[in-house]
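Here the chain labels run A, B, C and D in written order, and each chain numbers its own residues starting at 1.
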Amino acid sequence: MPWNREQIAARAAKELKDGFYVNLGIGIPTLVANMLPDGLSIQLHSENGMLGMGPFPYEGEEDADLINAGKETITKVPTTSFFDSALSFGMMRGGHINISILGGLQVSEKGDLANWTIPGKMVKGMGGAMDLVAGVPRIVVVMEHEAKGESRLVKECTLPLTGKQVVDLVITDLAVFEVDPNQTPSLRLIELAPDVTLEEVRQKTAANYVEALS
Amino acid sequence: MANKVYKESALALADLLQDNMTIISGGFGICGIPDSLLAAIEQSGVTGLTIVTNNPGLDGMGVGRLVNTRQIKKLIASYAGENATFAKQYLAGEVELEYCPQGTLVERIRAGGSGVPAFYTPTGVGTQVAEDKETRVFDGREYLLERGIFGDLAVIHAWKGDTEGNLIYRMTARNFNPVMATAAKVTVAEVEYLVEPGEIDPEHIITPGIFVKRIVEVAKPHKHIEKRTVRPRA
Amino acid sequence: MANKVYKESALALADLLQDNMTIISGGFGICGIPDSLLAAIEQSGVTGLTIVTNNPGLDGMGVGRLVNTRQIKKLIASYAGENATFAKQYLAGEVELEYCPQGTLVERIRAGGSGVPAFYTPTGVGTQVAEDKETRVFDGREYLLERGIFGDLAVIHAWKGDTEGNLIYRMTARNFNPVMATAAKVTVAEVEYLVEPGEIDPEHIITPGIFVKRIVEVAKPHKHIEKRTVRPRA
Amino acid sequence: MPWNREQIAARAAKELKDGFYVNLGIGIPTLVANMLPDGLSIQLHSENGMLGMGPFPYEGEEDADLINAGKETITKVPTTSFFDSALSFGMMRGGHINISILGGLQVSEKGDLANWTIPGKMVKGMGGAMDLVAGVPRIVVVMEHEAKGESRLVKECTLPLTGKQVVDLVITDLAVFEVDPNQTPSLRLIELAPDVTLEEVRQKTAANYVEALS
């Protein structure tokens, strides 16, 4: 049975280690915040100028001045610090954030990521996504394996790129792939969701990859 | 003795506004936006504006005010979702949009404010952001050359300010405001509380008064929440 | 659970120190210097160091400790007066000195810490600082290309820090410290008061803990004054 | 009678206007701090991270953590703010400081300034001087007219430069010169110290200049 959104997020949460500073994108990545491994010191970074993000506020305690990058009301915790956008993006670009978990529209077999726009359809923007993939040393992409019957793991991205050769790990509802730029093909299938078969992944994946289940 | 304090946003901006000027506006989403100053810009009717801001707010709120009135010629931003009117105008070719990654945007503004004309950044290499930009390799990695941004006017929102222009912010309403305060010929700050010099601890000041030419108190602004998210009480 | 707190400066540095490494050290004059950490570096005997700091302190104080013991191969600084031993070694050709204008120095460190490999600056154009450097004209003015600096180790002094590594400074002892905290593989902070998370207001934190890998409390450091200047009581 | 150091500083103080942010160098410029025009709002900038510098402390109230760029103990005032060195030099380079009053070793007739080193003699350094002259829109140099019988106003600086064509005004013990890069020669004598003659200035000045007393 493929993973649902919560299960994808739970699998992503396993990538977090003690002492990590973590940036979570919008969508499925946000769910990871509720699945942080117990007993570990993990600080969540919000691009709009905050480290040490707490959970959503209790009803009636929302504060318009305390939001995350998704513009949702949040809370602070004892380790919280506030800072301006320049320092916030210095943290990203300077490699200080350990890992970022992001949503994706397409990931190529070389680790290219497209996740910020669909030309002619969306008027959104890259926000901080290009800065994250350029600066954060480990990029995990979580996404549905297919969109409208089309594989999101592709030979070459057809959508505008967020970054080239930036993805380290892809977690879909069907499987987990790592990207190792030193191997050909770079994309390696390392884990399957329960009851998902190799055959099903083969059928639904347009990218070239190596089966490397451990 | 020099006086930076103005009684109303409209008065603080009156002799500064001109058609076709570049205005840098603080805020992230609708958090920490100088809404009173933006309302005064809306009222003034100036047009052909180039607006530099993270994103154009919501319909009729923040920079969204100037979208509705078609006062904007060009927007430089990292994100333009959440504003349907802007999206419609943009898709119809009625307004220019320069996408700039958020970290590059704030760094360009910081550069402009601190006398740095250009810098190299890894952000956007190999993407459409790199089109028409110089690239250069340092230590085996490719970077883009990006230019500083310096506005004719910066409008920002702070929580508390003294009459000298020293400012502090509140939580994530800080965002772009302190950086933008440094990067324009004239910076006008709206504050929720105007106090006397010495009332803000000098260790806590985020924006020193040197960057702020004019300041106006906007008592009890109504702050909207873009996405109200809560959890149940246990 | 990750622990950043070390009991002594020597323990905090023990496995980090290596000959020929690059160390970035906070402070201006002898104000805000990480003197306990520098004393531990002195005691360790590591040598061939490249030290990046505004100025090499006084004889046997701050970075001056490492001058006396000849542990320094190269100094990158904006100023080297007030330290007679360094001057003697330098004039005798026993130590390298790279002069870097103070604003360029701090900007290079900030760039290194924030992922910017190089930037342009007007400072030093037409002077010996420009020798062997690329120049480029933007909007009719000439600028120098300067590279970011990123150290193997940064040692800094803060006033108060919590166990998460969040730091605040005291008056002009802040100086280079917050910028240097961002620009090394490992940053070690000495603090006068170690407190629990939450004891420092999150609005007042200058250095967020993400930049600080290790922290050590140095109770009641003896702070010297370089030039005691006073006025008579009226 | 030529001006003494205090009188040179007093003349320099006349350049300060209401609302100015001012950076004072070490030496004669420091004296200007005691001569600020009454009733004007003038904030003194210290490169080591402070705006709004107060006077020296009363004896016994010195604090090692509160010094100016000359490493002297000082005090704060109600308008004081503290910040880091990056923001401090951003203020300079970004043109936010209105005026800087600096000492000089040599000023050329084109407005070049040398004031940071004498090769083989001094092991000092430029500190923040090169940043100031590159960024601050108005640079006033105060210095003795001669050193050991040699004019400090020269055709070309022989000492290492701090900046090229950066000086706007020179105040010596004998006279005041402005530098106008749009005129030839650029250097213009605009004021004499009391009882100093044009003839004396001519004899003691190596640089070309125009006599333009008003």
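In the analysis below, contacts are C-beta pairs under 8 Å (C-beta built on N, C-alpha and C of every residue); 3 or more make two chains touch, one makes a residue touch a chain.
Keep in mind it's a predicted model, so treat the numbers as computed, not measured.
Novice: Taking a step as a move to a touching chain, how many steps at least join chain A to chain D?
Specialist: 2
Novice: Tell me, please, which chain's centre (mean of its C-alpha atoms) is farthest from the centre of chain A?
Specialist: The chain farthest from chain A, judged by C-alpha centres, is D.
Novice: Write down the chain pair with more C-beta contact pairs when B-D is set against A-B.
Specialist: Looking at B-D and A-B side by side, A-B shows more C-beta contacts.
Novice: Per the centroid of Cα atoms for each chain, what is the distance between chain A and chain C, given in Å?
Specialist: 35
Novice: Take the average of all CA coordinates in chain C, do the same for chain D, and state the distance between these two points in whole angstrom.
Specialist: The computed centroid separation for chain C versus chain D comes out at 28 Å.
Novice: Touching at least two other chains at once: which residues of chain D meet that condition?
Specialist: Correct list: 76, 82-83, 86, 89, 92-93, 134-135.
Novice: Please output the residue numbers of chain B that touch at least 2 other chains, ranges allowed.
Specialist: 107, 110, 114-116, 121-122, 169-171, 202-203
Novice: What is the shape of the graph in which nodes denote protein chains and edges denote touching chain pairs (line, ring, star, complete, other)?
Specialist: Graph shape, chains as nodes and touching pairs as edges: none of the named types, so other.
Novice: Would you mind giving me the full set of chain pairs in touch?
Specialist: A-B, A-C, B-C, B-D, C-D
Novice: So in the complex, which bits of chain D are touching chain B?
Specialist: Listed in rising order, the residues of chain D that touch chain B are 18-19, 21, 39-41, 43, 45, 51-52, 76, 78-83, 86-87, 89-97, 134-135.
Novice: Residue numbers of chain A touching chain B in their complex, please.
Specialist: For this pair, the touching residues of chain A are 46-50, 55-59, 61-68, 70-74, 76, 82-86, 88-89, 92-93, 112, 120, 122-131, 134-135, 160-164.
Novice: Which residues of chain C touch chain A in the complex?
Specialist: Listed in rising order, the residues of chain C that touch chain A are 1-2, 110, 112-116, 162, 164, 166, 182-183, 196-198, 202-203, 205, 208-211.
Novice: Give the list of chain C residues in touch with chain B in this complex.
Specialist: Going through chain C, the ones touching chain B are 107, 111, 114-122, 138-139, 141, 143, 147, 168-171, 202-204.
Novice: In their complex, what parts of chain C are in touch with chain D?
Specialist: Chain C residues touching chain D: 28-32, 54-55, 77-82, 86-87, 90-91, 97, 99, 101-104, 106-107, 109-110, 121-129, 159, 169-179, 206, 223-233.
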